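This is the structure I have questions about; it appears just below.
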Amino acid sequence: MQAATPETPFWNPYVAGFALGLVLLSTFLIMGNGLGASGAVHRIGVTGVAAVAPEHAARVPMMAELTDKGANPLDDWLVFEVLGALLGGLVASYSAGRLKLGVIRGPRISIASRLLLAVAGGVLMGVAARFARGCTSGQALSGGSLLSAGSWIFMMAVFGGGYAVAWFVRRQWR
Amino acid sequence: MTEIDLQRHSHLIDPNLHIWGWEIPVYLFLGGVAAGVMVWTSLLFRRIPVAERSRALRWLPFATPVALSLGMLALLLDLANPLHVPRFYATIQLTSPMSWGSWILLGIYPVTLLVGVAALTGPETKAVTTWAPLRWTRLGRLVTWGRRYAQAHDHGLLTVQLGLGVALGVYTGVLLGALGARAAWSSAILPPLFLVSGLSTGAALMMLMRLGHDEHAALRRWDMVAIGVELALLLLYLLGLSTSGATSRGAAELFLGGRFTGAFWALVVLAGLLVPFALETVEGVRRLRPTVIAPVLLLVGGLSLRWLLVLAGQA
Amino acid sequence: MLFPLTSLVAEHRELGLVVAVALGFGFGFVLERAGFGRSTKLAAQFYFYDMTVFKVMFGAIVTTMVGLAVFSGLGLADLKAIQESGASETFVWPMLVGGLLLGAGFIVSGYCPGTSLVAASSGNIDGMVAFGGVMVGTLVFDWIFPWVHDFHMSGALGQVFLHDLLGIPQAVMAAGVTVMALSLFLGADKVEAMLARKPPAPADGETAVAPTVRDALRPRRLVFAILLGVAVLGLGTLALPATPPASPSRARVAWIAAPTLAQRLLDQPWQVRVLDLRDAKACEEQRVPGSECTPLATLDKLGLATAPADRELVLVAGDALKKAPAAARAFPGRVWLLQGGFPAWKAFALDKPPAAPDASDAKALNAWKFQVAVNSAVTGAKPAPPPAASGSPAGAAPKKKKKGGCS
Amino acid sequence: MNQIRYAMVIDTVRCVGCNACVLACKAENRVPPGGFRNWIVTETRGTFPHLSQQIRSERCNHCTDAPCVSNCPTGASHTRKGGLVAVDPAKCTGCKACIAACPYGARYVHPEGHVDKCTFCHHRLERGQDPACGEVCPTGAITFGDLGDPDSPVSQLLRRRKHHVVKPELGLDPHVYYLT
Amino acid sequence: MSVTRRRFLQIGAAGTGVAAASGLTTDWWGYASPQVPNPHTQGDRIVPTFCELCFWKCGVLAHVRGDEVTKLEGNPAHPLSRGRLCPRGVGGTGALNDPDRLKQPLVRMKKRGEDVFAPVSWDDALGRVAQGMEQVKAKYGPEAVALFSHGYGGSWFSHLMKAFGSHHIAAPSYAQCRGPREVGYNLTYGTILGSPEPVDIANARCITLIGSHLGENMHNTQVQDFAEALDRGAQLVVVDPRFSVAAGKAKYWLPIKPGTDIALLLAWMHVIVTEKLYDADYLTKYAIGFDALAAHVADKTPEWAYPHTGIRPELIRETARFIAGFKPASLVHPGRRATWYGDDTQRARAMAILAALLGNWGRRGGFLSPGQVEVAKYPYPKYPEHSALRDKPEGKYPLADEVLASGVCNATVGPDKLDGIHAWLVYGTNLIQALPDWRQTEKKIQALDFLAVVDVLPAEIVGYADVVLPECTYLERDDDLWAPAWNPPFVALRQKVVEPKYDSKPGWWIAKELGKKLQLDAYFPWQTGAQVVDTRLTASGMDPALVRKSGVAVGKLRPSCEEDGLPLTFDTPSGKIELASETLKSHGFHALPEFTPPDEPPAGSFRLLTGRSPVHTFGRTTNNRELTEIQAENQVWLNAAVAKTLPGFESEPLQQGEYVVLINQDGIKSSPVSVKITERIRGDAVYLQHGFGHTAKGLKFARGKGASDSHLTTRVAIDPIMGGTGMSVNFVRLERPGVA
C-alpha cells in the first residue's frame, strides 16, 4: 500500500451533480440557508484588513459594518462552511491521490501569465460577486434551486459573460 | 395551557435532573470500548494463529482491564459515598442491572488477564514476570501459572471472554434502558445500540494500534457492519420514541429539532458514523493506507452518543 | 414541521457552526470529486469540450429543488421559510452586470470563487492565487462602494421567484426547470459527443480531461431514470395541498363595530392596541380611551411589521377607512378597522345616548343599557335612568326563605 | 385483606399549598438544606380568565412496583412492612440509579452520602403516631392510614370521594391518593 | 431560591467525614436486614408557649433535646392552633437559630442609616437610651417620645411608655393595615373586628372574598375553618385581580379591575335590593337607613358597574343572586389589610352593609360576638396624665380611634417645634418597610433627637438607631398573658423554652432595666416577667403551674350568635345597624359609600398590587433560613399575554424567570426580581409578595433577594376618614436590569 496509488477518476458529472444537490439540500434543510463562498472570502479579507489597519477598516463603511462594536467578521456560519469546504477539498484530493502542489495551465501559457490571469480574474470575480450579492455557489446554485428570479438572471449572465470572453482568452486554455 | 409551579429545589434534581455528569458517560463509553475489544480479540484470536498475530494484537487483551479500570474510576467518582463501594459485592440484586454489571465487571478481570497472558510470547512473558512490581510482590509466578492454565484452556477462555464482552456491552445499555422513568432511556433499543456502538468503538481503539494488514482489514469489515447496524438502531430508537406517548415524543424531539439536534446529527451521526464509514469504505475499496481519522472519529462519536443520551435522559 | 432546524441558527448557534463545517466539508469534497479543482476542466465548459460544469450545476439545482419539494410536500420542511431565508432579494441590474463580470472573471482565472477554494485546498497554486484575487476583489468593492451604491441598489424587485415573475404555480415552474435541465443534459451530451470525435491535445501532465462518450453514457440512463422518478415524485408532492406554514400568516384584516370594541376594551384592554390615525390635534381632543395618536403618516415608524403578533391592532380613522394601510397590513397579527371610524365611536360612546328602546325588546334594551353605561363611564355623565322602574325597598319584601340557617 | 398497607390520602379541595407539611417534614426528619422529602405542586390550567387549579402536596408514592427498589444494586432501597419504601443509608453507595429510576423526583442525595426520601415518618409510625406532614397540616388535607383496614379513615375517604394518583399511566400502583 | 452550591459543598464536606466514620464502623457485608434510621427529633422536654412568627399567636409545643429546639408542633389544647401550625410556626426554630441575629447592644458610630455600630455593655446602652429619653422629655415634654411597637413583647414597652408619660404608642398595623376596616365596621355595627377576627368561616355556606387571599395569608385558625367549610361544601366567590389560591377553589372568580370594588359592591346591592333578595325581617328589626341605601343604589346597575369593574353585567347579577341565595350564612369576609385606594373606610362600609343585607352579622356562619377570659391586671400604680395626641394635626382624620403610625412619623419635626415628636423608641417593627414612602420616613428619622430600636434582627430600621437593644426571640423569653376575644375564650402563656443566645435579653428585662434608669422603679416592682404572669394568674383564680404545663387555659364555649340565643346589640349611636351613617354625615363625609374611579396607569405601566406569601410574615421572616428553603425571594407576576407584547421587550421577549427591575412613577427602582409570567393575573396590574428586597447589610441572607413593594410605594392615597394610607396607587414599569 506504500506504492503511489493511481488517481481516482472524477465522478461522473451526473453523479457529482446529484451529490452536490444532496449536500445543498441538506444545507437548506438543516440551516435554512444555502451554500456560499464569496461572502466568507470577503469576511476573511475584512478580518485581514482590520488586523493590519483597523482605522481604515472602521472608515470604509462596508467594512465597518462587519467590524462594528467589536464584532468579529469571522463569526458567521459561511466562514465555517468555507473552512469545511477547504477541509473537504483537501480530504477529497488527498484520498483521490490528487493532492500535490502545482500550477494547472493550458499547454501554451507560462506559469507567470497563468498566475497573473488567475489573480486578475479573481479580482474581477470578487467585485462581481459583491455586485451580484453572491457568486456561483451562493447566488447561482443556492438561489437558483430556490427559483429566485435574481439568481437565474445572474446564472444566465455568468454563462453569457463566460462564453463572451472565452474567445479572447482561448490561448490560455488550448 | 398548563402552568406548573413546583416549590421544590432539591439539589441535583430541580429544576432539571443532573445527577449524572461526565462520569457516567465516560464509564459507559469505556465499558463499551472494553466490550468491543473483548469481542474482537476473541474473534481475531480464533482466526489468526498465535504465530501470525501482530505485537499490537497480542497486547490488546490488556486494553480491556485498563479501560474498565478507568471507567470504574469514573463511576467511583460519581458515587455519593465511595466508601460504600463494597456494598455492590455484598449482594446480588436480581432486578438491578447495576448489580449485574458490578459482578460482570468483576468477572472480566481474571478472564481478560488470562487471555492476555496466554497470548504473550515467551520473551514477553518473561518481561512481564520480571516487571518490578510483579517481582516484588512475587506475583510473577502467578502469571506464569496463569499462562500455563490459559494456554491449556485457550478455546474455552476465548468463548467466555466473547460472552462476557457481549454481556458487558449489553449491560452498558441496560443500565440506562432499565430506567423507565426517563423518556429518552426508556427504550429497548438501548442495549443492542450500546453493544453495537461498543463493538464499533472497540474496533476503533484496536485500529489505532499497529495491527497487521489482515487484522486491520478484518476489523474494518466488521466495524463497517457494526456502523451500519448502529445507524439502523439509531433510526429505530428515534422512530420508537417518536411513535410512543407524549413524553417519549418529547425525548425524541430533543434530537429532532430540540436541544441536542445539532450535536447529535453532527457529532454522532455525521462525524461519528457516516464520515468514518465513508473513510473506511474508501480505505477498503481503494486499498489506501489506513489513517487514524476514522478510528478517532468513531471514538469521538461513541463518546458523544453516550454523553448525549445521558444528558437527554435527564433533560 | 421539522426543517429548517432554526435552533441551529438561534439558540444553538455554536452547534450550527459545527454543522456548517460538516456541510462545507461535503461541499468541498463533492466539488473536488466533480473535478472542479482544476481550471482546465472548468474552462473546457466554455469551449464545449466538457460540459461538466453545466451538468453538475443543473444536476444539483434540480436535485435540490426536487428534494425541497419532496420534503415540503411531506410536511417535513417549511419551504416558505427556507425560500425566505435562503434566497436573496432580486436587483436586476447589478445582478446582470455582476453575472457578466463574474463570467468573464471565471474564464480568465479558470475558477469561480467556490471552486478556487477547492483548487487551493488541493494544492493548485493558480487556485490559491485566484482565491487571493477574489478576496482582494471583494475588498475592492468595499472601497468603490460609495460610487456604485446607486447602481448596486438599482432594479430592486424584492424577493421574487421565477414563478412569481411568470405568474405560474411553483410546481409548474419546477417542472419546467426540470424538463429544461434534462433536455440540456441531452444537448450537452450531444455536444460533447460531437467534439469528442476530435479530442484536443491533452495538456502537459494531464490525464484524460474529458470522459469518453461511453463513459458519459453508461451511467446516464440509470441516473436519468432516477432523476426522472424523483422529479415526478417531487412534482407530485408539490401539487398536494400545501401544509400550512409554521410562520404566522399575513395579517387578517376585518371590521369591528364600536360596541364590540368597547366591550373588548372593558374585558381585557391589554389584548388590543388601538391606533388613532386621525391628525394629532383631533386625536388629542377626543379619542377612544387608551388609544395612541398615530397619524397615518407616522404609521410606518411604528415598526408594526416586527411588532409582536399577540396584541391585536385596532385602527381608528377619521372617516370610514376603506382598507388597512400597508404599514398595518405588514403587522403579523390580526388587524381590525373600526367600522365607521371615529364618528361611529363618538356616536356610540361620547354623544348623548338615544332614548331607551321599547322594554319588550330585551336585546335592544341590553345594548342600550351598555351604551348608556359606557357613555357614563367615558364622559363621567350621570347615566340615564333605566326604563323599568326598580321595585321599592323594604316595604314589599318577599317572605324570607329560610336557607340553612343555624345548622 | 388484613395485611397492613400504608397509604396517604390528600384532599386537594382542602389544601392551600402553604408548605407547612414541607417544613414540618424537614424539622421532623432533619432533612438537610437543598433536600426535600415532600413538596408542593400548583397546577393551573386554562387561559385568563378561564382558569382552574389543583394544588398537591407531593412526596414519595411508596409504589407497589417501585422502580427505585428494583434498580437498587445494593438492596439499600427496599420495601418493608406495610408497603413502605425506604432507604438504608448504611447500605447506600449513592449511585443515584434510584433517583434516575423514580418518575416522581421523590429522592435526593443527602450530603452525608446516601439517597434520602419520605419514609412516611417510619420512626413516628413505630411510636404509633401519624406522619409529621399530616399532623401539622392546617387544612387537615392529609390523612394517613392502613388501606388493609376497610374501616380506616383512608379506606373510607377513598370509598366516598373521587380520587386519582400522580402519573397513573406508569402503572406503579402508588399509595398516595389525591381527592378532588 | 435554593441553598447555594458552595454551601451545599460545605455541608457535603462535613457529611463525608460523618460517612467515613460510619462507613468504617457499620456492617460491611450487609447481611443485616435494611434499617430506617430515626432522626431523633422527639423532645426530651416539651415546652408549651405561643408563636411570634406572626400576630395570630398560635399555641406551640417546643420539643427540646438538651439545649436544642428540635421542632415545633401545634398545641392541641390551644383553640387557635388545635394541634396544627402554619409553615412559619414550624419554621420558628429558624428565627431562633438565625446567624444574623443581633448579638449585643450597639451604639451608632456614623450618620443615621449608614449602619455602622460599636458594641457596648447593656448598662451603657440602657444608660444612653434613658439619657436620650430624658433629654427630649426635658425639652418638649414626655409626649414628644413615641413608641412604635409590633409584636407581643411590646406590652412591656407600652407599659414603660405610659409610666414615662407618653401615650404615643403606635403600630403600623392600624393606619397601614386594618384601620379602615375597623372604622368601617365600627361605624356600621358599633364594634371593631380586632384580631383574631370573630368570623364563623367554618359554618358559612357561601364565602365572598374581596381582595382577601385566604390560604395565602396563613392565619392558622381561619385557614383551618376555611378548609372545613370547603369540605362541607361551602361555595366561594372571589373578587381579585389575581387568580389566588382561594380563587382556584371558587365557584366564581371575578377578576376585577383594581380599585373598583365599591362599584361592584354597589351593583351587587342594587341587584339584591331591586330583586328583594335581602333579609327583610332582619333589616326591619336591626337596621336603619335602608331607604337611603335603596335610593343610593337605584342607579348603580350592573350595566353601570361594567365599564368600571370590567365584570360583565350578567355575571354581576348572577353572583349577587348566588351570594344572596345562601343568606344568612353567606359571609362577606372583611379581609385584613384594607389600605388600598384611600376610599378604604367606605369600601369596608360597603362590605359591612352588604353583610347586613344578607342578615349575616350575629348569625351562625357570619360575624360572632365571642367573649374573653377575665384576667386580673397586675397591680401597677396609676400612670401619669397625658396631654393631647400629636399624630393628627389640624383635626384631620376625626374617626381614627388608634394612634396613626404614619401620623406620628409626620409629626416628627426639627429641633424647635414644641408640639411635635422628637424621639422614637421602636420595638420589633421595621418602619422603613412598614410605613409608606421610605424617603419621608428617612427624612423624619434624620430630624429626630433620639432613636432607639429594640429588635431581634438587624432590619433596615436598626441601621438608623442611635442605640440598638438586642432582644431574644420568643422561644427564649417570658411575655405577658394574652386573653383575646374568641370562642371558646382562653388565656395563653408565652414562656421561655431555652436560654437566650448571645447577649440578647428578654423584653421584660430590657423594659425593667430601662425603667430603673428612668427612675420608674415603682412601675417595675417584680423581678421577672414570669412573676408578672404568675401574679395575674393567681389573682384570677388559676393555677400557674397548670397553665404553664398546658400553655393555655381554655374557658367554656359561650353563645356567640343569634342562633345560640345571644341577643344582638349594636353599640352605634342609634343602637342599630347603620346602613347610612349619620356619624359620617356629621363629619362631612358621604353617609353611604360612593364610588370614585381610580387613576389609570400610564401606558406601559402597571398597578402594583401586593399580598402575602404563606411561608413569610412580611419582612420579618425573609432572613429565616428554614422558611427561605421554601421561598427565598418573591417574583413579580405578569400576565402572560402582556409579557409577549411588553413595550421595550419586543426584540427579545421577556422569559419566564428572567430578572427585571421595576421602576415606579417617581423613578424609584427596585432591586432585580424574577418575573412569573402567568395567566393568573390581569394584564393591567403586576403583583409582588410583600417583605422581600431587604437592603440592610446585617440581613446577610435576605439582602437583595427579590424586590420590595414598600420601596416602590412612594405614593399614598390617604383615607380622609381615618388617615389610613392607601398604598395600591403606585404604578410600575418593567425594565431589564442594567439598561441605562
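All chains are identified by letter, namely A, B, C, D and E, in their written order; residue positions are counted from 1 within each chain.
Methods note: contacts are C-beta pairs under 8 Å (C-beta built on N, C-alpha and C of every residue); 3 or more make two chains touch, one makes a residue touch a chain.
These figures come from a predicted structure and were not determined experimentally.
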Lowest number of touching-chain links that must be crossed from chain A to chain D: 2
Given chain B and chain E, the chains that contact each of them: C, D
Pair of chains with maximal C-beta contact number: A-C
Centrality ranking, top chain (CA atoms only): D
Chain at maximum distance from chain E, centres defined as averaged CA atoms: A
Distance from chain C to chain A - Cα centre to Cα centre, in angstrom: 27
Rounded Å distance, chain A centre to chain B centre (Cα mean): 42
Between chain E and chain C, distance of the C-alpha-averaged centres to the nearest whole Å: 57
Where chain C and chain D are represented by their mean Cα positions, the distance between them in whole Å: 52
For chain E, residues contacting two or more additional chains: 2-3, 8, 16, 19, 30, 630-631, 639-641, 678-680, 682-683
Residue list for chain A, restricted to those that touch at least two other chains: 8, 30
Junction residues of chain D - those touching two or more other chains: 17, 19, 22, 34, 42, 44, 46-48, 74-76, 91, 110, 112-114
Chain pairs that touch, as defined at the top of this document: A-B, A-C, B-C, B-D, B-E, C-E, D-E
Chain E residues within the chain C interface of the complex: 203, 205, 270, 273-276, 278-284, 290-291, 293-294, 298-299, 301, 303-308, 310, 312-313, 325-329, 363-365, 561-563, 597, 600, 603, 639, 641-642, 644-645, 650, 653, 682-684
List of chain C residues in touch with chain E within their complex: 262, 266-271, 273, 290, 292, 303, 306-308, 310-311, 366, 369-370, 372-374, 376-378, 382-383, 385-386, 390-394, 396-398, 400, 403-407
Partner chain B, residues of chain D touching it in the complex: 17, 19, 22, 34-36, 39-47, 67, 69-76, 91-97, 99-103, 105, 107-110, 112-115, 169-170
Touch list for chain B against partner chain A, complex: 213, 265, 279, 282, 286-289
Residues of chain A that touch chain B when the two form their complex: 1-2, 5, 8, 30, 95
